[in-house]
């Protein structure tokens, strides 16, 4: 006769040091093993989509910043591309290059946060501070260009708000030379550390077909072995002019698609972003960055869906306009929201300690999950 | 067995490599800036607290319309012909008295959208970032340089001017109507 | 020697005992804890490229005192459903367990709290009291998660005592005594007489022993790291996935006693490792007092060397804390039972064989 046991419900509540934001995870446990994980979201819902219906098109940009606050440039980038598609305008090439440089720097900054906080969850406190120290350099580059460190309002529909500062390209080159050895140091300190590998390898294995069925995109999908990146498979802006590689998880420390792969794909992506920035700095043309910004944005009636490759996945904007200066409807496909849905599958039959490991490797930002 | 020894070797070697990195970092000078004693030099495009130079403001309301959070409130009143409101710094004559220019700096999201539409560049972002207050009402910044009595005075002036204009217009209209009526009567008389 | 001095002073053995037992507490442990907390914050800060406490006193030296005053004036919260006697007793038991170990550790040649022949075995037994204290605190907090944390802490400490004992046994076999004082005196001379380099006396056994002594040193260092709950084994005390471990519910004075006990424990195990393998209070280069003819200088020098060695090992413990991530509970147990115990056991057998030679 089997022993009758009761399932215990454990709440990793909205306030917790290891859930990156206000997320409530309800764990149903059987002893120490997990039976079910139910994420409860909505604690950070700020009605972005409804609010945008009352704003004019340029006024929406500060609001898009605040969705995924760790990768603001990309949010603005996606929105600007969508509205430009709707308006059908051409933008100068210098603007495209500036947007790419800013976007890739933002990708490095966002991955630094992901890596640092992941290490801090696992218990290694030092790489966290090293990552934030390097991120400060990127934020000061941004501060020099547009005046803000986190929420930029820089990429506008039709161009960018300020031209690059005269010292910007030189300082960016210095940053690239400074940062390359830091990636090696980070690898030696954290990625190849045996204890870190023991904690993360073979934990939370996401198979390729499961990932595709759930609609996962971004580094999570690439870690499961699938080579899919919107910058190469559906190029937007000037990404087709650069030569870079898409890192894919190969299961060298465990199986393909485990947490270590998801973490290491992000480290490799930082390296690739450095390559893209170098090539962009070499190729950037001169020009006027504000010439194509329309005085009054009043797009024709129609709808558009445009997508970019966020540091977390595929960020999509669906904009429907009815001929007025205010958008009729904006819908955002937030990658963190969709990536979070798979946490139940990943946590089957694991210990409670592994939930933190898996959550950190998914890399969510609650601003994007809840909007 | 081989894997066992491999595990031990990789554990010890990676631990020692990690320890080497932290050891070396002990001798690298730290990056901390000790804030209240030492302050960072901010770049020139820095976006902190807003400032309005009222001498240049022409009351066009563009900044209030551009703001995404509606933190700017502007009320203007037209000047009467005898008034001299002044000139902006690029020589244009101003036509409006600005009687209310409130910025609720607690609502401001520091997005800089108000700076670009201003025709005289009188609203701009400074690099002041230490402006905490004890009382929330102190966050509503009032930029108008007129005293409250002067503002009332301008409004009353304009109202009086309008009333006089309306009275004159009414008087003129009456006279015109009277004249027309008189003319008609004359016409009628003539016809008859 | 100091015990005799005090009992002669007061002509009463009991008072002599009490004073010579209280001496290390007042003059060594408390100042050491103050220094150790400050050192941890500064060491961690400089490893992370930042500055650490800088404002309280010159470069933050008074920070620990400020923290202590803050903790003392906090409200002593006791929930109604807590088991009051156990709740209040737990910090005292933990502190007593870690402090009792200092009785048998020789600080200098002239002072040892209690010169019993059971030496090291007594120390290992006394630190077992800590387990009882932790379980008491976890249970009496009336909190699912502290109980879980306390159970894990108890399992961890008890398992990791086994490799410690095995290595200590191998050392007892070599030196033939369990008294730490005698062991320290055996390692007199220069640093090549230390146990880690094979022990006193010249001969084939000395050179054969060196690799096994080094392995034994690593095993005992790792297992004592686990006994004091430091990273990478700090599941019980850091934010163990969920909440803060067995001392969540404590505030104010009781929490500061836990804190004090942890640092005292850290020093105790460092001192034990230093005494067993690195010569205890012996100087590596000979004594200045001896060369100058001032023989009263020798115990002071010995104390100085003892403090240096203990502090160095505490520093290495802190260094490891800020470099390594944390192990999961089952991996922690796997390290103990699958790696450390077999290695320590094989080490014991080989050392035993060598001593027969």
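Order as written gives the chain letters A, B and C; numbering starts at 1 within each chain.
Rule of thumb we're sticking to: contacts are C-beta pairs under 8 Å (C-beta built on N, C-alpha and C of every residue); 3 or more make two chains touch, one makes a residue touch a chain.
Note that the coordinates shown come from a computational prediction; the quantities given were computed from them, not determined experimentally.
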Chain nearest the global centroid, as defined over all protein CA atoms shown: A
Interface with more contacting C-beta pairs, comparing B-C to A-B: A-B
Most distant chain from chain B by Cα centroid: C
Chain centre separation (chain A, chain C; CA means) in Å: 46
Mean-CA-position distance for chain C and chain B (Å): 64
Chain centre separation in whole Å, for chain B relative to chain A (CA means): 34
Multi-partner residues of chain C (each touching 2 or more other chains): 47-50, 322-324
Residue numbers of chain A (touch at least two other chains): 126, 133, 189-190, 193, 195
In chain B, residues with contacts to at least two other chains: 7, 15, 18, 21-22, 25, 31
Residues of chain C that touch chain A when the two form their complex: 44, 47-50, 231-232, 234, 238-239, 241-242, 322-331
Residues of chain A that touch chain B when the two form their complex: 55, 58-63, 126, 133, 136, 140, 143-148, 151, 153, 161-162, 165, 185, 188-190, 192-195
Footprint of chain C on chain B - complex, ascending: 7-8, 15, 18-19, 21-23, 25-26, 28, 30-32, 34
Chain B-touching residues of chain C, taken from the complex the two chains share: 43, 45-51, 54, 319-320, 322-324, 339
In the complex, chain A residues that touch chain C: 10, 12, 17-18, 119, 122-126, 129-130, 133, 189-190, 193, 195-196, 198-199, 351-356
